[in-house]
Every structure is written in C-alpha cells, then in structure tokens.
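Note that chain A is present in both complexes that follow, paired respectively with chain B and with chain C.
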Partner chain A sequence: MSEMWINMGPQHPMTHGLWNLRVKIDGELIVDVDPEMGYLHRGIEKISEDRHYNEVITLMDRTCYVAGLAWEHLYIIASEQALGVETPERAQYIRVMTDEFQRIASHIMWYAAFVQDVGLMSPFLYGMRDRDLVLDLFQSFTGGRLTYEYNRVGGVRNDMPPGFTDRSRKVLDWLMDRFVEYDHLCLGSEIFRRRCDQLGVLRAPDAIALGVTGPMLRGAGVPRDLRKDRPYAVYDRVEFDIATAEAADVTSRYLVRMEEMRQSVRIIRQVLDWLDHHPGPVLAEKLPKWLGAPYAPVGREGYLLRRNYPKGVGFSSVEEPHGEAQAYVVNEGTEHPYRVKFRSPVFANIAACKKYMIGYRVADIPPIMGSVDICVGEVDR
Partner chain B sequence: MAASAPPPEKTEENPILWVARPMWTAARQFAKSLVRPSTIIYPFERLEDPKFRDEVQVASGKPIGVGHVWDNYRGVHALNIATCISCNLCAFSCPDVCIEMVTVPGGDPKHPKKCPQIDYGKCSYCGFCSDACPEGCLSMTTRYELSSPKRADLVYSPQKMYEVFQRKLPMSPIRLERPANEDAILLDAPLCIGCNACARDCPTNCITMLDIPKAVAKPGEKLPRRIWKEPVVNDSDCVRCGTCISVCPKECLFWGTHP
Partner chain C sequence: MVTTLYDVAYFLSSSLLDALGTHLPGILGTALTNSGLIWLLAAVIFGAILLGASMINTIMLIWFERKMLGRFMDRRGAMHVGFAGLLQNFADGLKLFRKNTFKPREADALGYYSGPTAYMVTSLLIFGILPISSGWSDGSLPLTLLLALVIFSFAPLFIFVSAWSSNNKYSLLGGMRSAAQMIAYEVPILIAVVAVVVVAGSFDLTTIVNEQQNYWFWGPLFLALVVFVTGMLAEMERIPFDLPEAEAELVEGWNTEYGGMLFAFFMLADYLRALVGSILVVLLFLGGWTLPSYLPAGLTSFPLAGILWFMIKTYLVFGLFVWIRASLPRVRTDQLLRVGWMRMIPLSLLSIVLAVVLVAVRCLPVFGCLPPVGGT
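Moving on to the complex of A and B:
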C-alpha cells in the first residue's frame, strides 16, 4: 500500500488552462483529489472599479474567452439595472441570438477539446472548422472573432449588416448536418461508449448540494435551466426544451450538450424570423450622458463634474454555456461601478470534483475533467 | 461511486462496425476536402483581399461568403489628419490608455494641432476610439499585420496612420450614430469670470463670448472681478468633447439638461 500525490498541471494537456489538479493515487486508483485554482487571476473585478460602465465590457470578453458574448450579456443586465436604463426590444432579441450562437461556438469548442482528451484527433479538426463558421458570423457584425465588444449599456453597438439573417440560416442548416456527423463519430463508436459510459458519475443530490450547474446538473437528470426558470431578456417568448439525460456520467454530459446545440439552433431560427419583421432601434435613445458614444470628460482634478445622478444596485444571473453565472454591480453615482462581483459556474463545477473523481483510474482523469468544460479564465477572473 | 455503477451493456454488434462507422464519416470528410479544402494558402491568398472574395466563396467548402464578414473588421486605425479637430475624445474613451495626443505640423503656432498617436503594444482593438470620434476621421481598417523587430515600431504616429488612410483599405462601414442626448454644457453664471479659455480651446469653435450687461452693485456689495462676457454654446455644432469643462479655471461649466 503505497499512496502518493501527483500534480496534473498547471502545465498539462488535461487541464485546458492554468490550474493544477493534485491527485493522490494508490497504484492506478484515485484515492483523493485536490484542485488548485488561481494561476490565471487577473483581478478583473478590481480593474472594473476603475473603468467606465461601457469599458468593463472589454474585460468581460477576456473573462471567458470562449463565451465572451454570454458574459457581456451577464454584466450588461446587471449594470442596466444599476443605472436604470431601458433596453429596446430588438436589442434584447439580438442579445438572445448572440447568446445562443455563443453557446453553439462554446459547445463545439468543448466537443473538440473533450474528444481529443478521450484520444480522437479528427473530431478536433472538424469541430474547430465548424466553429469558424460561427466566428465568421460574429465577425460580420461585431468586427472581432474572439473579443467582440458588442453589447453596450442600453442596447448593442450596431444592427445586423444586410443579408445577415440569410447567411445565418445557411450556417444553421450546415451545422445541423454536422451535429449528426459528430454523433456518428462518438456515439456510433463502441470504443467511445466503453471509454465514457459510467465514468465520472455525479448524482443529482450531490450536484445540487455542491452548487453544480449547467450541463453537469442537467446530465444528472435535473431539469434546471435559468432560461426557463427565471427568464431574462426575451427567453420567455421563444420555444425550446430543456435538454436532460439520466445517467449522470460523461456520456450523458455529451448528450446534453449535443441536444442543447440543437435547441439553440431552434431558438436562433425563431429569433431570426422575428428580426426580419421588426426593424427598430438597437440602442436606447435616452442614455445618461457619460454612457453615450462620446465619453464624458474628466475635470481638472480628474473626476467627472456631474450633479445629482441616480444610485442603484443590479443583480443578474444568466445561463452561460458552462452553467449559471451571476453578476452584482453597485452604482454609487460615479462614472465607475463601485463594486463588481461575479459568480463563475465552472469554479463550483471543479470544486465538486471529489464527488466524481474518487474511485476511478488515472487514465480516466482526462475524459472526466474534459466533460466538465473548464474555462480557467472565468474560474480565476 | 464507481463501484455502485452497473457495468456497461454489452452489444451484440460485429466489432468491425465499431470502427467502420466513424471511419466512414471521416472518409467522406476527407474526400470532400480533396475537392474543396477548408483552408487557404495564407500569405498568397488573403481573406480580406476584395479581389479574393469571390474566389473564396467557391474555393472553400463553407456555405457563406467569407469575404463579406470582413467589412466590419477592427484592425489598425486609419487617421485622416485633415479632418481631425483635436477634440481628445479618442484618448478619453480608450480603456487601455494607449492613445496620446501629439503635435502635428501645420497648426497655428500658438495653439498647435494635436492628433492621436496609438501604441499598438497596449491597444486591445476594442474600437471605442473610432466609435467616439465625432468627425469620423479615426476609423479601423482590415490591416492586421504588425510584427516588427523593435517595440518602438508599434507606436504609430499620426503620420503613419495617415499613410494607412491613404492606402484606401476597406474601413468599418458601421458607424455609431451620435446619440440624441439631451445633455448639454451649462453655465453656472455667477461663478464665471469671462476669461475666454473655453472659447479659445473649443475644437469646433462653437462657443462664442457674448456681451452681457454690467450688473449694478447694491450699496455695500462688491462686484466680482470679471470681464462682462459670458460663453454661449451652439448645441448643434458641439461635439460634447468637454474640453471647455476641463480648461475652465472656475469649474463653472458642467454637464446638465436644458431646463
């Protein structure tokens, strides 16, 4: 009986970022695990206190680098509440559409990375190729492929370019065919099923008790989705189903994410039909001065000369591709937020790893951690 | 835990099918890629090249015209020095503080013309500066190749960005409309000393100093030392850059709403 601790990380192909998983093994058997986070801490919450409300959006893209628009949406809802700004309906629909496109891009990125963890190479190439199409769409209206800077307090920066909805529909049709291929490559392969079935089991009571959210919770059979349970933006006006699976293992998380992408396509089609028939403004007409396109100046002492602006507090929670993210913004009547606080879903999902890692073999660690969909940027912020 | 989980179901399929199904999918993709590859030969073929756009629609296996997505790209800035009014708004709006206003030749020697100089070592290409530009002279192009052996080469002077402008690269066509905000520059009249600083430094010359009648001192009261002129802002010309607010020695100008 000789037990020992080994470090998987911070530089390891399994970790998908900078974090360290300490594993206590007895031969091949995992006896204990201990995740260490904090290698990628950039102090984004603190930096936000020194930026204008709109400038924080540049940080949101870098918080989670595979789901930038979802995090922008999260922050924007909270800051709009704090500032008391109303958003036009068309902007809300556009945000829902970008959220769902971002979910597809993020899940395809997860698929590519996860399948490589399992040991397959060609699905990685297919996934990265298909994600490029969604990024092309993002580039056509935001101008960036990874850092979008698209949302603004009170709406979004610009409307869709002409012909955008037709191009999107073509992309969606193309992606639906690719999802079938993904299933052929993974679910159709008995080798993949034997590797992933009954692996990393996290049952519903444990998942709820540890604050696990997102596809990991829905993979355990809990139909919990903020888009249905507490609709934000216009999610109460579109039709979709919550994807769940019962087995609570790695395969069921795969099934949930694949089904979520199909549901996202369903949502986007409804939103595109709405956008075709309802033109309108995408940015609120009456904005506080210091939020408009020209920025407020600073006075001689370096602060803004303003009088009698409202104070407020904003809170939002959004179903991000990885789980439930939350934001809290305090507006103390200055041009910067007084305090910004984020809740990252992946942090809770990693922290629960003792429940779904102990008892498996060392070779099972990459598939299990791959199925969590880790984005270290939002864990450490 | 793992011990309590039931063993995976055993299927009665021919084991060759386990391998054959994924391989069939992969083989189809391989055959497609021979006809229409998903990649381009980068240094020779460029996605942002307008001449290449029609070809890439055919050449790549992608269902959308890749060329169209480049219209709104955020790359290196192009600056039209001739129309720049030195309002400083790009420098104010920069979250990375990478924009510095430097003097360019060709201005009035007393009040030299200043144009933005951008340090691309710091720039995050967020596009807030080109959104904030009231005259549309600072915009972003499709240029993205910046590598150089020296860090100092990454600092682009106004003249260098003017060269980018002269190349007539495709520039981002989507410009933010100026929001119809109701805020205006207001004057706290009793504090004003009529010093003319705001009118002198206004980049659009929208402030004029108007004569006002000299107040009559009540018995025992001392009149403030002032020139009997007051600034009046022409709201339609004002770009709301706030230069007047920052130069005002008495802090008597402020943002507000017209009564």
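Moving on to the complex of A and C:
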C-alpha cells in the first residue's frame, strides 16, 4: 500500500476536542503529521475588549473548560496589575488552593481520557468518579461545576463555606488512595508499559527550542515550574517539589502528572491549615468605582466610554495544568481592557508534534496525543 | 434413549404433518405424510430452534457483559428497560432494525452488503454443530471440532471484503489488521486444539466431552488452555486484542461505514463468535455439560441439567473475557503479531509435546489418571 493522508478529526475519538490531525501513513507507519487548529475559535480575546474587567472572567472559564479556575487566575493577575489593585492575602491563598484543586481535577480528567486512548476502559470511569469529588468541592464555594466565575478583580467572590476545610481534607485523603490505584492499573500493567515506554520521545533540547512547557517539558527532565521559578500569588510560601522524569516519553509524562497531583495535595493541605487560622477579607476594600460591584457586573445601561482613568499594562504567567500560560492585558483608561492576549501552552505542545510523532505507528497516535493533554478551548480561544 | 435436538424437530414436524394429513382428503394427505416433506420441515424447525436459542443467548450475553462491565467500572450498567435492563438490548436491536440501511456512494455494493451477511451466517452456522448436552448429536459427524474451527476461521475473509468494499481508509486499515491478526492467531489455536485431540483421541466434540467426565483437561493441558483462550480473545477481537476496531485511532475500524441493521449484524456476529469461543473453551477444557461423578447425582439427574451446567460454565468463561476486557489496555499491532507468531506458536507446540507425554504416562501426580482408552 502506498503512502496516504488520513484525517484524524475534526470528528474523531482521538482528538479530545475539535481539531484535525492530518497523518501521512505508510501502512502502519507515521511518515508525516500536520495538525490543523482553529475549529473551536470563538474570538475570546476580541470579545474581551468589549467587556468590563470582571465580565471577562466568564470567558476565562470557557477558555479551558477543564481548568477554568487556573485561567481565571491567569487573567486576574494580569488585570490586577494593569489596574493597580491590591489583593488581600487570604484571597491569594484561596487562589492557590483553587489552582491546585483545579490541577488535580484537570490531571484526573487527563488520566481518564489518556487511559482510554491506550485502551483501558475501567479507569476512565474511576477518573470521572474521583474528579466529581473535586467538582463537588468547587460547587460548594463557587456554585459551578464547570464554569465557576469565582475570581474578581481584587480578590475572590466569596469566602469558603463553614466546614469546607475538613471536607477538603477528607477528599484529599480519598484521592491519595486513588492515586495508588491509578498507578496499579497503569504502571502495574505489562501491556501499558510496553505501549508507552519509549513512545513519543521529545528530548529536552527540542522541547525547549519549540517552546514546549508543562508536564511535557518536565517529563524530559527539565525542572521548570513557574510556581518555583517565578512565584505568583503565595506559591513562595508553600512547600512542594517539582515533579520531573527523565525518559521524555509517554510514561514519563504520566509519572510527572501523577507526582504533580500528589504535590498539589501537599500544597492544598498547607493552604487549608493556613486558611483555618487566618480569617480575613477575601476582596479588596478599595476598588476603582467603575469596576462595578463585585457581585453584579455593570450593566449595559449607563454605558459610557471614558478615557480618563489611570492607565497601565499587566502581564502574568501561570503554571496551569497543561503548561505555562501567559496573559497580557492593556488598560488604556477605559472600563474595558484595550487588548487582551493569551499564550496557550497546549498550542506550542501540539505544534511540536512533528518532533515526537513521526516514526511511530498509527496505533501510537492516541497515546502520544493523549499524553500531550490537549484542551482545544485554550488553543483556539 | 438418545434424544437429539434433531429428533425433537423431527417429532414436531411429523406430528404436525400427520395432523394435517389426517384432515386433508385423499392424495394430498398421503403426499404430506409420505413424501420427504417431513424431513424438510424438520430441518426448518431445527434451524429455527437453533436460531432462536443462539440469538437469545447472544443478546443475554451482551446484557451480561454490560452489567458486568458496569460493576467493574463502579456503575450499574443498563437499568431502565425491563427488570435490571434485561430488555435494553432488545430495545437497542429494535432501534437498529428501524434505521435506514444506507451505502456510501463510492462503496462496492456486492461486498458492502454480502460481507456482513456472510459474517453473520457463518457465525450462526457453527451452532448447528456444537453439542450442548449429552445426546445432542448422534455421532454421525466424527469431525465436528474441525468443522467448527474451519467455519470459525472464515471470518477474516468476510471482514476484509466488507472493509475493502466500504471504501474508507479507516475501514481498510482495520480490515487489514483484522485479517493479519486472525490468521496469526488461527495457527496457535489449531495447534492447541491438537493437544486436546491427542489426549481425547477424537475430533468429535461429544467424545471429547465424554472423555473429560472425571478428568477435565484444563489442569493437565493448562498450557493449551492458555494458548487457546488468548487466541480466542484475538479471534473475537476483544480487548486487549481489539485493534481492528481500535476506537481510539480507527474510529470503528472495519465497520466504520456500517450503520443500522448491517452494523447490528456485525455486532451480533461478534457476540455470536464470543459465545462460540466460550462454548469451545467449555467443551474442550472444562468438561462440557458433565460434572465429576463424585459430586451428588442429584446435581445432574433433573431434566435439562446438562444444558444448565453447560450454560453456567459458558457464562463463567465469558465472564473471564469480560474481566480481561475491563482490566487490560490494548496492545499494538506489531506487538500482537510478534506475540502471535513468536510466542504463541512455540507454546502451542510445547503443549502438544506435553499432551503426548500425558497420553504416554496416563497418570500425573496432582491431576490423577486419564480414563482408560475407549471411553469411560
């Protein structure tokens, strides 16, 4: 059989989202790949220019639909910088906690999808079951399970409900047990190791040159983690280790994510202890009046474009579950951000696919792409 | 008296035609009762009973798998249609039956339609041969095992034909994988079966089962059992060997382009083959419908006891397949073929050697002795 192109996507079980991977195959061998993005473009950056600062947060949840709170955090740091707003300490801690809970939820979601790519059926539902516990916690203080709209410029919307910290600790204990089970199901399986070892190898020099970040980079042995390298919020006050693995293959990405979840649990436990002993406001007292009330964003009536507010720009980079996300917010003195620009880590991770896919087999495409942890929402925005 | 299923069918046919013949006048009546019409009707009734029984069992098998998989996955499986979802599969089948049958414009009509039909028909054919209980077959077919395996191995051809003719790249890839896989695993299965044949001394499934009355072959021929079960998993295209329809990369593999009733044909035939595989494991290694004679006689003396024990064993074996499906990832094509040609075939050859040794020494320390030559 001669070489041929096949389209894996935009509707395909492998894609985990709406995108198209064109693969040139020779029999079962991958000769060339060509990712096509853009099927999920919603113009979030442009829409943001027409919204008040607090209204953009709604869009952030939809940017990456499995890591909404991490993207809220990313945007909120940049916009607080641009607006010159100080955030209370308690809100910073809460943001760190939500970030890490979101990382656990996102990584479990990744685990569920990834094992199904390898052909394991049951752990998919185990993952979904355990992720629900984290979503229940989110629901208890944000009211949402997928889109939270929890952060506000100058803090967070509301404090934790009573008894939240104890409930969280129970969930964390349960999750730590489940992580052991996850490892048994995957690493304990000979077939899994044979499929995933030495697969999708992306070495550190290539990864750095192509801008690959997150678990893929740490899986190549590079201890790069923005939470340590350029701490934001209160990450410099919590203890944790950067998870790395050396083999640069699919298994090492798996190992990195598993270790990250354990480290997240470690961080959350420290934050919960802090939250127990340090009550206080979660929203800044002094906010620019034109931001509107934090609970009810400014309505369209009374819309008046003014240009005499203080100007500024804000930049933030956050270690979200998929890698390093960056945001740039320009405040030109109006009620709306003048320009919002994001950098999606998954976009760079997918774009490097020629380096880690060519030469493997058709059956390897789902595990390799699964190990990238694709969230098309943030790629196309 | 030995009652076979065919005897039942013949009895039904003759009593029906006799009753008709007595009421019809003159030559018409004698023509009904004295011509070969009785045999013809008996064959039709025989086929209808087999079809109904195998279909109902297949659908129950799907239900069994859904419920069991559900439990493995910490959920309940089908619950809503019928008691505990018993009728869910009938509802699903009805839905598929009502769907429009379509053909992709560029697909080749002959292959596209005949592929699934032939796959279904050959899968059903095997049930005409398999003995389900004592006295099922009167021994007039001395090579039933061979015949069953031959029909069983038709499948890759039909799968490849339907995959190729549906003119889809995924289908083609899946069809080629399927053909390669089935041919690779056909060989070790046949060699492993030879081990059983060597010990039992017959290709007739009834004889093989009778030889096992007190000496099930799963222990002494454990190696052959492992090879056979693994090969059967590959033949059935179940996880971990479901590469031909690997959902993650090939959408649905060779049946990507099929919908409606044609898809239902593939689905049903897959489960028919799973049923046949489980039945063969029971017949060859688990003593078929027999129970060891040191168990109380009351367990086997009631009517249809043989069928009952046979079904229980079959569903347990299928449960093992479901368990494997729930807990293993999928292997890769090259790994599958390497395991097939380089591991399974040597193992199956070794199992023949072991079988010959077993026949020579007659007695093993743990497993006891083979029955004397010439039946129990």
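In this text, the second predicted complex is superposed on the first by the 365 of 381 C-alpha atoms of A that agree within 3 Å, B and C clash if a C-alpha of one lies under 4 Å from a C-alpha of the other, contacts with A are read in each partner's own complex, and residues count from 1 in each chain.
In this text, a contact is a pair of C-beta atoms (placed from the backbone, for glycine too) under 8 Å apart; a residue touches a chain by one contact, two chains touch by 3 or more.
These numbers come from a predicted model, not from an experiment.
Visitor: Just chain B (first), just chain C (second), both, or neither: which does A:Tyr126 touch?
Guide: both
Visitor: Under the stated touch criterion, name the partner, chain B or chain C, that contacts more residues in chain A.
Guide: For chain A, the partner with the higher number of touched residues is B.
Visitor: Where does A:Ile191 make contact in the superposed view: on chain B (first), on chain C (second), on both, or on neither?
Guide: Both partners, chain B and chain C.
Visitor: Just chain B (first), just chain C (second), both, or neither: which does A:Leu40 touch?
Guide: Touch status of A:Leu40: no partner.
Visitor: In the superposed arrangement, does A:Glu149 touch chain B (first), chain C (second), both or neither?
Guide: First partner only, chain B.
Visitor: Touch test for A:Val362: chain B only (first), chain C only (second), both, or neither?
Guide: second
Visitor: Can A:Ile242 be said to touch chain B (first), chain C (second), both, or neither?
Guide: It touches nothing on chain B or chain C.
Visitor: Looking at the overlay, does A:Ser140 come into contact with chain B only (first), chain C only (second), both, or neither?
Guide: Touch status of A:Ser140: first partner only.
Visitor: Would you mind listing the overlap between the chain B footprint and the chain C footprint on chain A?
Guide: Common to the two interfaces on chain A: residues 122, 126, 129, 185, 189, 191, 194.
Visitor: Can you list the residues on chain C that touch chain A in the complex?
Guide: Touch list, chain C to chain A: 69, 72-75, 169-170, 173, 176, 239-240, 242-243, 246-251, 325-335.
Visitor: Show me the residue ranges of chain A that touch chain B in the complex, using the header's touch definition.
Guide: 51-52, 54-55, 58, 122, 126, 129, 132-133, 136-137, 139-144, 147, 149, 157-158, 161, 163, 167, 170-171, 173-174, 181, 184-186, 188-191, 193-194, 197-198, 201, 249, 283, 285-287, 289-290, 292-300, 305-307, 358-360
Visitor: Flag every residue of chain A that touches chain C in the complex, lowest number first.
Guide: 1, 4, 6, 8, 12-14, 28, 115-122, 124-126, 129, 185, 189, 191-192, 194-195, 361-366
Visitor: Show which residues of chain B lie in contact with chain A when the two form their complex.
Guide: Interface residues on the chain B side: 1-3, 5-8, 11, 13, 15, 17-19, 21-22, 24-26, 29, 38, 62-66, 68-74, 88-89, 92-93, 95, 124-128, 131-132, 134, 140, 172, 174, 176, 178-183, 239-243, 245-246, 248, 251, 253-256.
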